[in-house]
Amino acid sequence: MLIVMKPQASTAQIGAVVEKIHALGLAAHEIPGAQRVAIGITGNRGALDPEAFASLPGVADAIRVSQPFKLVSREVKEEDTVIEVGGSRLGGMGLAIIAGPCSVESEEQILEVARGVKESGATFLRGGAFKPRTSPYEFQGLGEAGLKLLALAREKTGLKVVTEVMDTEDLPLVADYADVLQLGARNMQNFSLLRRLGKLGKPVLLKRGASATIKEWLMAAEYIVSAGNYEVALCERGIRTFETMTRNTLDLNAVPVLKVLTHLPVIVDPSHGIGVRRHVPAMARAAIAAGADGLIIEVHPHPDQALSDGHQSLSLPEFADLMRAVRVIAGAIGRPV
Amino acid sequence: MLIVMKPQASTAQIGAVVEKIHALGLAAHEIPGAQRVAIGITGNRGALDPEAFASLPGVADAIRVSQPFKLVSREVKEEDTVIEVGGSRLGGMGLAIIAGPCSVESEEQILEVARGVKESGATFLRGGAFKPRTSPYEFQGLGEAGLKLLALAREKTGLKVVTEVMDTEDLPLVADYADVLQLGARNMQNFSLLRRLGKLGKPVLLKRGASATIKEWLMAAEYIVSAGNYEVALCERGIRTFETMTRNTLDLNAVPVLKVLTHLPVIVDPSHGIGVRRHVPAMARAAIAAGADGLIIEVHPHPDQALSDGHQSLSLPEFADLMRAVRVIAGAIGRPV
Amino acid sequence: MLIVMKPQASTAQIGAVVEKIHALGLAAHEIPGAQRVAIGITGNRGALDPEAFASLPGVADAIRVSQPFKLVSREVKEEDTVIEVGGSRLGGMGLAIIAGPCSVESEEQILEVARGVKESGATFLRGGAFKPRTSPYEFQGLGEAGLKLLALAREKTGLKVVTEVMDTEDLPLVADYADVLQLGARNMQNFSLLRRLGKLGKPVLLKRGASATIKEWLMAAEYIVSAGNYEVALCERGIRTFETMTRNTLDLNAVPVLKVLTHLPVIVDPSHGIGVRRHVPAMARAAIAAGADGLIIEVHPHPDQALSDGHQSLSLPEFADLMRAVRVIAGAIGRPV
Amino acid sequence: MLIVMKPQASTAQIGAVVEKIHALGLAAHEIPGAQRVAIGITGNRGALDPEAFASLPGVADAIRVSQPFKLVSREVKEEDTVIEVGGSRLGGMGLAIIAGPCSVESEEQILEVARGVKESGATFLRGGAFKPRTSPYEFQGLGEAGLKLLALAREKTGLKVVTEVMDTEDLPLVADYADVLQLGARNMQNFSLLRRLGKLGKPVLLKRGASATIKEWLMAAEYIVSAGNYEVALCERGIRTFETMTRNTLDLNAVPVLKVLTHLPVIVDPSHGIGVRRHVPAMARAAIAAGADGLIIEVHPHPDQALSDGHQSLSLPEFADLMRAVRVIAGAIGRPV
């Protein structure tokens, strides 16, 4: 249920609504950024009676939310969520361009990439310090040393840092260094971690699970938001299908569907999504044309020597070319990069 | 194996190569459109020895084809295939725009759609007369009466007709009326029908099976081409995934992958692909940005009254809007509509 | 809608009900094998009013059928369908065991297999004469020569013949030789062929499409039955999943689900289903334990020399072992082989 | 690489091999339970040279392991792993029967179920105290109170307790109460948690991810085993497919495939696997016939009042019936329950 207050509702009237919600044993969520005050109610098992709230002083409307996801839905918050990260943004008219290597490997590597992608127009730096790997015998990332190198690259370039957190244990450490915390596809339904990210209050980039439905993905976002953190961006990174010529199948259908269902920004990862370097630019262009709010792109100074995902990483000149192509499409639909 | 003749090879030298291929019990295919003469060899079980051909007079090169699909692969024919259909084209720099109703329903309906889509820039008219339906109790199409109405609409508008053939029995009838024969997703591996389409020599629009891999799809095209018909366009129309918010999942990854693997034109069907009217324009724009050679779009004068697929059909004004959006994207990447 | 007549209903009363159905422009289907006369109605768009029929003389009940599949559902016909094929059976308490090679290759091969599998307890002989192959360059079967060899094996062993038909064109020829017509997975939604099989009146073994849902499969069976042929057995043969260690994923879940939903017999094909010779016996045992009405097993005298599917074919001694294992499980649940 | 020592190899000789492995910067794993001493080597990037070890004193053989999973593979350890849990067992000839409610709800509920399933022959008690739920608004389990009730039920019945751990944070608490730690499907690739379970040294029941391949699943088990814990049982619990008539698709193909690839016990969960109460017994029988080492079954005293998963839980009398059916199949293939 969503309680929409009248524009002129007083603080006392708002407080009375919240009190009534608590008195029913339910949770009240003030919805940020709305032009009018609105309060989401969650925690009820059955349907609530709108009349119980509609008649309270200062209440304009009491609306049933039809979707199982509540606080992330456009029914509850119509305006696009825009996440401000120290001058850069996720969401809004401008496109967010997150670029960098799969794994942080060395100071030289990360600085070279950070400077290069910034020059071509990236607005965030990505880089993995803790890497989820299918095999226990593969390179697992540099850990804290990698985080320090990301911080150094931020200091040198001004690019804000997006990096993955894999575990509640590592969360305080990673949060110390990251500007945006990335939650990987395999952790999309790690509910303990989702709840912790909700309480932490740092922006989160929530990747879609490789076989997750859009509803499951939005329910995962709802875990974060219902714990108090509205700064969540969704990242489509390819689903598992029967196709073997590509690593995953980038699902661009998710873009227009999400833009209708939710107010959260939608970022697309064509690098993991198609997983083949030569095809990344086509999918990046298509993502923007479909209405995505940004891209996350793997870039490596020497893709053939990368410790992970070299086959899908662009070189710096290839990234510069990609940015030119993206700008053309973005311009055609009236969005600045 | 592909035998590439020298530019100055004589007819007699070419004939000698073909004769040698036949003498080995194999099939020889002259590859159309190449600047130099080339001959594909199929029918061998094991690998052939290139030396056996490379030393023949007039032969420039004998090349092993690494893919299981041969005649449809770019290894065998580098240049894009362009299918001329009485003034309109599938393939090449320009975009093919195929539009019309799911089913032909009446003279009034088909003429209204045909005139409307032509005005907005469509280059082909689509419309089903024989409809594959999951249930035997659903509307199965008007049959020959529908074909006659399509012919009438062609006469009145000049638009060439694309319509589905479901069966070898109906093939002569449908071929009498159609300019391009569409093979539906469920029939992608109807090998008898594929072979017949290969012998018939009319252009074919081959839809991808809902769970087919790209390799299986290209092998289906190979059935048609190896029977003698090079006029095949591929149509991506959505794959089956776990997602339930869309009818299918339009797989735009297939576009860049196919453009590398094959010389055949690639058309995209966002109407079936995402299956939700409001999301069709986003996916159409994305398809063009990804490099598709054209679109096939369901349009109905009154989508809410359509006998089939109304939920995914655009109205005529919506189609006109879509065409404007497509032109913007096409223009941005330098392709005329 | 299902009209159930009273046990003592007269022929004239039954005729009056059929007449009323026809008068409404609908189709009437007398349901075979029931202890009382029942008449299925199909062809209506909206819901029919039961009252319109319940009040007619001789009518016991008029029941709405909730499933989209009507004549194949247990709602319409409670008793199991048992298909008699000249002494052998598909359906009923006994298990049908269909065994033989993927492809008929030679007289020697088919006779050796037929004699061998009969000795071990098979009740039908399988063998492909027309083979659907992904590539146009692979072995496509012996055609009519293969059918003649199957007929010879039937003559020598008494085993009834199950063989695939790929096309409406070949149907008369294949029907001349086959006792049971197999419809392959790729043709499950070849609606023209389904309708023809409905009119032909020979038993059909309808394989499930590799990505078909159970509902789609039953709708395909409904095409055959609604055209007049109730002798349809369903064959689970593995679905496409992400697993690469097996050819397909045999879906035994379909067995108990189908036994509740439909009266048609359910046969399981573990050879294609798992596609690895050493694992076929485990899946065959499991199929029987799950309640399947029979098995179809690929057997070849020399699997390593088979022209197709050798990797999943059992040798004759392996088949004899399998039959012993199947008998043990069948015995444990009280079903004779 | 696997180093197999001669039967008469001395402790010093074994020590020398381990020392050599460490000197190369690699990890040495003594393989438990083998009749001869064997040492697995992991951590190498490229292939190792067998000669470097084969010539050491006491070494019988140095064998390359072809699979990406090493310590869990049968190549490295031929004998079945049998996990002893205070008198009960996972693995070996006898079948493990794990039964109990989806969620622990109350003292009365868990004691009634525990007593009931024990009487029918269960060897372990299952019950969830921490529940992974798609929605943050659904019942999340009783937490520690639930663990205490499980301990009480163990005290009263002697049944060993299997319960889920969702997070590294909760691990110490859950490990205090559980005899076997269950890792849920959504956490199959929670690599931090896997490593912790490897170090903890309690038996683990590792559920398959809903879209995981068998290889990915075995790699997840490898994380646990390579961290030092060989007591891992695998649990097939259904994969995600296109079918909507069942909750998941229980993949019994995994049973024979795993029994060949790995020495770890294989348990099957038909309750989640098919997710429909009336179909659970058929799938349980099929699992045993396919060669599973045990079952995990949801049982509730009043399924219709269950707080979670009531639609797939058996009542106590239904469970008693199931056990009779399972005993019949187990007896037929010579396995005691």
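Note that the chains are named A, B, C and D in the order they appear, and that numbering of residues resets to 1 at the start of each chain.
The working rule: a contact is a pair of C-beta atoms (placed from the backbone, for glycine too) under 8 Å apart; a residue touches a chain by one contact, two chains touch by 3 or more.
Quick caveat: nothing in here was measured; it's all calculated off a predicted structure.
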Mutual neighbours - chains that touch subunit B and subunit C alike: A, D
Proportion of interface numbers common to subunit A and subunit B (over half same, under half different): same
Euclidean distance of C-alpha centroids - subunit C vs subunit D, Å: 38
Centroid distance [mean C-alpha coordinates] between subunit C and subunit A, Å: 49
Residue numbers of subunit B (touch at least two other chains): 211, 240, 242
Subunit A - residues contacting subunit D, complex: 42-43, 68, 70, 132-137, 166-170, 186-187, 189-193, 195, 210-211, 216, 219, 222-223, 226-227, 240
Subunit A - residues contacting subunit C, complex: 240, 242
Residue ranges of subunit B in contact with subunit A within the complex: 211, 213-215, 239, 241-246, 249-253, 255-257, 260, 273-274, 276, 278-279, 282-283, 285-291, 325, 328-329, 331-333
